[in-house]
Amino acid sequence: MGVKSTRDLWGTRREGDVAMATRSKDAYTKSLQDGRVVYYKGERVGDVTSHPILKTAVEHAALEYELTEDPRHHDLLTYTLPGRQEPFSRYFKIPENAEDLLRRRAIIELGTRAGGTFFLIIKEIGSDCLFALNVISQRLDAKYGTNYHERVMRYYEHCRDHDLAMAVAQTDVKGDRSLHPHQQEHPDYYVRIVDETRDGIVVRGAKAHTTNTVCANELMVIPTRTLGPEDQEYAVAFAVPMDAKGLKLIVSPFSHTDHNTFHHPVSARHHLLETLTIFDDVLVPWDRVFLKGEWDFAGPLALTFVQFHRFTAVSYKAPLLDFLVGAAELVAEANGIRRAAHVREKLVKLIAYAETVRALTKAAAWECKMLDGRIAVPDPVTTNMAKWYFANNFHQHVAYLQDIAGGLLVTGPAEEDVKNPETAGYISKYLGGKKGVPTEDRLRLLNLIRDLTTSDIGGYNEILSIHAEGSLEAQKLTIAMEYDTKPSVDYVKGLIGLG
Amino acid sequence: MGVKSTRDLWGTRREGDVAMATRSKDAYTKSLQDGRVVYYKGERVGDVTSHPILKTAVEHAALEYELTEDPRHHDLLTYTLPGRQEPFSRYFKIPENAEDLLRRRAIIELGTRAGGTFFLIIKEIGSDCLFALNVISQRLDAKYGTNYHERVMRYYEHCRDHDLAMAVAQTDVKGDRSLHPHQQEHPDYYVRIVDETRDGIVVRGAKAHTTNTVCANELMVIPTRTLGPEDQEYAVAFAVPMDAKGLKLIVSPFSHTDHNTFHHPVSARHHLLETLTIFDDVLVPWDRVFLKGEWDFAGPLALTFVQFHRFTAVSYKAPLLDFLVGAAELVAEANGIRRAAHVREKLVKLIAYAETVRALTKAAAWECKMLDGRIAVPDPVTTNMAKWYFANNFHQHVAYLQDIAGGLLVTGPAEEDVKNPETAGYISKYLGGKKGVPTEDRLRLLNLIRDLTTSDIGGYNEILSIHAEGSLEAQKLTIAMEYDTKPSVDYVKGLIGLG
Amino acid sequence: MGVKSTRDLWGTRREGDVAMATRSKDAYTKSLQDGRVVYYKGERVGDVTSHPILKTAVEHAALEYELTEDPRHHDLLTYTLPGRQEPFSRYFKIPENAEDLLRRRAIIELGTRAGGTFFLIIKEIGSDCLFALNVISQRLDAKYGTNYHERVMRYYEHCRDHDLAMAVAQTDVKGDRSLHPHQQEHPDYYVRIVDETRDGIVVRGAKAHTTNTVCANELMVIPTRTLGPEDQEYAVAFAVPMDAKGLKLIVSPFSHTDHNTFHHPVSARHHLLETLTIFDDVLVPWDRVFLKGEWDFAGPLALTFVQFHRFTAVSYKAPLLDFLVGAAELVAEANGIRRAAHVREKLVKLIAYAETVRALTKAAAWECKMLDGRIAVPDPVTTNMAKWYFANNFHQHVAYLQDIAGGLLVTGPAEEDVKNPETAGYISKYLGGKKGVPTEDRLRLLNLIRDLTTSDIGGYNEILSIHAEGSLEAQKLTIAMEYDTKPSVDYVKGLIGLG
Amino acid sequence: MGVKSTRDLWGTRREGDVAMATRSKDAYTKSLQDGRVVYYKGERVGDVTSHPILKTAVEHAALEYELTEDPRHHDLLTYTLPGRQEPFSRYFKIPENAEDLLRRRAIIELGTRAGGTFFLIIKEIGSDCLFALNVISQRLDAKYGTNYHERVMRYYEHCRDHDLAMAVAQTDVKGDRSLHPHQQEHPDYYVRIVDETRDGIVVRGAKAHTTNTVCANELMVIPTRTLGPEDQEYAVAFAVPMDAKGLKLIVSPFSHTDHNTFHHPVSARHHLLETLTIFDDVLVPWDRVFLKGEWDFAGPLALTFVQFHRFTAVSYKAPLLDFLVGAAELVAEANGIRRAAHVREKLVKLIAYAETVRALTKAAAWECKMLDGRIAVPDPVTTNMAKWYFANNFHQHVAYLQDIAGGLLVTGPAEEDVKNPETAGYISKYLGGKKGVPTEDRLRLLNLIRDLTTSDIGGYNEILSIHAEGSLEAQKLTIAMEYDTKPSVDYVKGLIGLG
């Protein structure tokens, strides 16, 4: 389908789409051939869907559309609206209760399992952002008499009705992290409004590590932090299509490996792309501007987005955690050490780690709060506890798996050696494990563990664990802010006869 | 009320009780004056309700009856049955769904808050045991054609209808813990059947650290572990009233302190009693025998009880954890260090600790399993994760509170010094903290923290954290047994093209 | 001997002492009968050496003199000086190299072992302070042309030659810990100079948790923190005899238990006393004034003392850590679980904990630094790492021991029950453990573990672990200040071609 | 130089070598061109010194010879022998006291710093093995009347006098790790003797992850575990030159990255090679056989080697730990967060981690034990504590550095983007950090951190931390075996009046 220009943005839906708001995988893929400006390893990429490296990320993202087309998942992955015949992608379902959030968790887990432990992200983060904009725009209008809410809702319907793939750029490049935006050496270290015309605003700056912009139709941009009155020009939220003039993506080469599926069973097939996302004086039409100078709403918007997005985060971690458990069990078996006391201890720790994150995620849904009586947000304290617990413990639990797997993780043979008749026999003979486990299966399993824990992608996973969706400090801060200690304080006072 | 002899055990309910199955506090207290055999510090105690030390435990337990009589809590603490007018204590409500379990959690938390962080236990553990006997007796009958289930249900109704206070003795004294019961040096290291008569069975042995037997009307006894065929005589479950002939209680002096409420704001008013519970050839009538030699059901009974009881455990920990949070907040304020970075970090850790245990407890209820389609049991893996997480982290989190509180915890003045005119002024002047916090309040707060964390009772709390309701190892084992790794294993196999 | 008044302070040594600078236990004990003002539980204590509770602390401290008199330890515990015939207590040996520090560590460990894991302290802390005063006074004189160093050295010789027992008061009561001394609500929250006369200075204020003042002859007072120019009046260091007018001690009741050696095998015989130490306008003669207003030396003095004293701290922890190891081994054996995998794991953790502290302590000595080319101070970074490691891990390692020991720690019988013929048999029979371990021995061992880890004294130990000799934060800060990261930074720069 | 055949092994030294036992870098490099059988990614490698990938490892190893030739290090890196004029490489110095071990530690640290945190290994491990063979061979002769010791000493002199590069193969491929060698499905899962001829023994089997065989002249082979009488054929130790017939090396491709020094500042220049080392019926002449069937000495030999080798391990970790400290400090500065409380906390943790390992390593030397009164071995308990502490905490401390460094670690630009004029300006502008830190320097620093912690090499480092030189379990076991708990047990017994 594609959104070729901003002119027909709010145009009426095309006829062929009437009975089906969800798109086909092909329609999605074609929609990315829109002339977007993408650089990869020093070269401008013409078509991201056919580039040898980038297409893997596109195919990974396309799984979302493929799964939705799959009759087995159709009911879970779509929902309907009163007065509308066609089913919509469930990602767009505005959560109204715990049940909605639990289903949202379930579809994120489903997509991520299909994605080989990497989430598909092409709907998750965008809908998180739409929910936050929904809430905040109404509050903005209430305070300032603006009409942001209508803009947001029209944009939301546009994305929903066209089943668009969305990316969100939040983290500014930040320069000196101890300074406020207006204090920085360069005024552009945070994205800001540099001009205002009849048609809209002009924005400049760059956002760091934006995931899967390359695979999106739409890019939403929101502030990354609380701002003060002197940071007014940095208080900006908006959306642009990926082919917007002045929008440029520099893809990092570090978030993927090669396509050898023996060496990299998962990352050869699935990976995300991270971009330095540059706004080189991009014009944003008025109906896509969602915050403009109201600095007191920058923090609330950033935070509300994060409340939804950290729930997404802890939802999509589940398959990676299941991998840790399943791989530990299998490799313990293959190595013949499944009954060793220390192995059983580590296995229980891995189980408790995985299931504690999952249980806390569900608990966040069960204990959801209603924002403005309209939209259900997962309980912020529980969500952040889940994320913090996950992030604080990831490296250690990876170490448990590595410990069970053994040194062969980094000393194993190349695929070429396995195939070379001069060496194949030695490898097959000597790298066997417990009787009954074929050497090749054992090697595949070790390669999988290497791929996800000790390779470039393993490093990527480690960094994701502590930096994606907010740092450890951010989660700590949120818990401190959101938790009401008064009941506990009152209880303690009561115990000593005070108050 | 009291249950004076086993003869009228199943007798019809008395008239005066018709409109009220729940007892008054007084009725409860009087019921304990039944000639039970109790030793405390070398002396036989005549009346536990008037003994200077023991009566504090009785009054603590009696809170359960007091709360139920309180109109503010009546609805929460009682429930009704079809065809019966009177309300029953909600502890007896057989859980049928998540809602029942969540309410059960709530009443345990309520009672424990009233008990100054110590749970009342006088209904909790007994009903846990009754639920387990309910489940297992039916399975026993199905396999062996026995009539245990009817016995159990009549006994259950007896307890419920008379609103009895119950204790459960599970942990045998064990001797050499690496040996099975029949391998022990002494055959009586586990409670066993030594004789069988027309009237019933005769049991001998001792159970260790049984909580609040002294305050109970009824004592239920179940096995503590899985047994083999050679341990048949140890496969025994039954109930006896506390005045049963041959039943003797030796109370440990280590679970309480003195009655100085300045030094011990909580433990001067609330404490539990732990007994070495001796069965000196006690005759148990047939209708109170719930397992007799069916060794293959010893493990399932022990485990099913524990599944309910660990949920009780993680429910009653909440007020103690709230105390850690509230006390840390207050003492940080009193010391003027609330904004120190390390204090804020520790406070967030305490919050996350408390709320993770609470959230996992609720999650265990939300994800409950139906046993035999009849009785809802909290999800065993989640319950045990909650308990294990609590137990693995208690000492460290106590340390965080102690760190914030400061050394005065163990170097503070005696109440007598505070009152002595020669020293009162110095203390008042020099032990002040932040402006606006009265010295006396600061001392009371420090005394509270000492009482619950660095005194004899603090030690009791530490031991409880790792030994009560099953050891760390027991929880680890349960998680390993109950968790199905197959989905994770299958997922990992799928990732490498196996299976 | 006793130092009755400040007048004869520098008096010539008495004849009988000529051949022996070290005192007898009796001489020491008698020296405490000097009319000092001590309050305990609301009463003024006439003679601390005969008070039923306090005398235990005196006897504990007296062990230092007893050990020195013991021919087996004489060589280790004394040293000689050129030109002097008599041996002096080795505590006074000014360390000049690693060997001196290693011997100092050895005598502290020896005394603490004799003290049942509690250090004797009556020489340790005082000599730490004398070394610091030695260093700082010389620097003071160099900057200000004062004559502090001579005063300090005469005072040092006085203590050494009379073999005095010494206490050090450093920690002020502090009020609001976030404020500097001069900012406090009360000006006396830190000890300060309130007047100056021809005879000396007059000081007012209070020091918190001063250990064993009650058992000392001399009390040295030094600042607790870095001060600024506005805190000048708080920049004061001095020494007074314990019978100084206006000096008053309020003993905390929380650092000891009763004298029942069955229930408290160690603390019935050994304990320390903590006092709130009040200076009610105490006159300090000039020759005992070691800092007066030079605020820029308050921090250096505090820190230098701490550098010696934290080495003392990590030295005296060794017996407590050995206790953890030995008790774990013995109780695992008594319970029959010595071969369980988790028990072996915990035992190794306890060993590694104990020996890491010991090895780091020795390493601090081996890597000692020379202060001003004269006095060897243990390497500050290593010393603080040792202390921090100890303090960060104490609670958890106590938990390991408690885990192995079992719940009987807090549910065991009273001595009276063990002796009561009605119950003795049951206890003897049922509380046995592994074959061959007498029940009484097992109970004694459990009582020992309770005494040192789960009782009031256990709480005292926990608080000591994180607060004595500086808090966790203080150690962290010292490491940050003292460690030179430049070599590491340069190395990293070199790796990327910078610098 | 090269050792072309086994025939001239004990041949007289060549004339040109007389005045110089240490070799030049060139002589070393040439010595590797000996026809050894090496496979890399499916191909037989003709000359390892010119192969594009392998030569980097050769050059890395050659640093050892380069450093020794450097006059600045000559004294440290060499030693002399009585009666011999020429200096020998200090690695061959048989340790006789703490001083020797401390110097050994120093030269290992020196080499590893030069190696960019990767140790050179080409002498370290070989000399560890020679020391162990020295000790064990003498014990073997004493028990069995064999002449192993003479063989070992001649071989030792050969290596020393020719300054040979040595590798050690210890870890067998193991098959099912829960089974003894003779119980395995394949008899060759552990290297074993398959034949015995007049000339020597014939060995078959494979050793896993042998480091830097490719760069060695000599390969020593020793057992990996304790053996029983049924494992007699597996009790074998010997040495072969790298061109021995039947010896085949399959190099793992996972221990190195590419040669882009921007992306991989260290690993582009330095890496180790790990091989699957195959013994396809290799003939070992008698004078190179050091154990043959004496199964009771397999364990002692393995363990003695490990005692030396774990000391090597904790010695060579120092530069990697220094890197963690230095990189954290620099990147905190570059990001402008050096004063954030959590950053300072993490920095102190990194310092304490690095210096605790270093201090324990030195302590192991200071407390060395004399083996048979001849050879100083680092204290085994302390060495293993150091190793265990390092290994248990590596992942978590890497996480601290990654936390400070930020997400750009895995989302940064490629070198090609930095150079592309279309994108260079954006990168330079937007990826700046704190004022005064050039963007390029910041990127180099981030690339360094990625290289060593989040890339393939980062994964290699993680695996090394827990598997190299023995697993976590092996260290735990060694501590348990080597530590004498008797003094602690006796102390505890004394405290309760036993024994």
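Note that the chains take the letters A, B, C and D in the order they are written out, and that residue 1 is the start of every chain.
FYI, a residue touches a chain if its C-beta (ideal position, glycine included) is under 8 Å from a C-beta of that chain, and two chains touch if they have at least 3 such contacts.
None of the values given here were measured: they were computed from a predicted structure.
Novice: If we look at chain A and chain B, which chains touch each of them?
Specialist: Chains in contact with chain A as well as chain B: C, D.
Novice: Among all other chains, pick the one whose mean CA position is farthest from the mean CA position of chain D.
Specialist: The chain lying farthest from chain D is B.
Novice: From the mean C-alpha coordinate of chain A to that of chain D, what's the distance rounded to whole Å?
Specialist: Computed value for the inter-centroid distance: 40 Å.
Novice: Quick one: report the Å distance separating chain A from chain C, using the average Cα coordinate of each chain.
Specialist: 54
Novice: Which chain B residues reach two or more other chains?
Specialist: Chain B, residues with two or more chain partners: 342, 345.
Novice: Quick one: in the complex, what on chain D touches chain C?
Specialist: Interface residues on the chain D side: 113, 116-117, 265-266, 319, 322-323, 325-327, 329-330, 344-345, 347-348, 351-352, 354-356, 359-360, 362-364, 366-367, 381-382, 385, 388-389, 441, 444-445, 447-448, 476, 479-480, 483, 485, 487-493, 495-498.
Novice: Under the definition above, what is the set of chain A residues touching chain C in their complex?
Specialist: Chain A residues touching chain C: 341-342, 345.
Novice: In the complex formed with chain C, which residues of chain B make contact?
Specialist: Contact set of chain B toward chain C: 39-44, 171, 173, 175-179, 185-186, 188-189, 205-206, 208-209, 248, 250, 252-255, 263, 274-276, 278, 280, 335-337, 339-340, 342, 394-396, 398-399, 402-403, 406-417, 419-420, 422-423, 426-427, 429-435, 450, 453-456, 458-460, 462-464, 466-468, 471-473.
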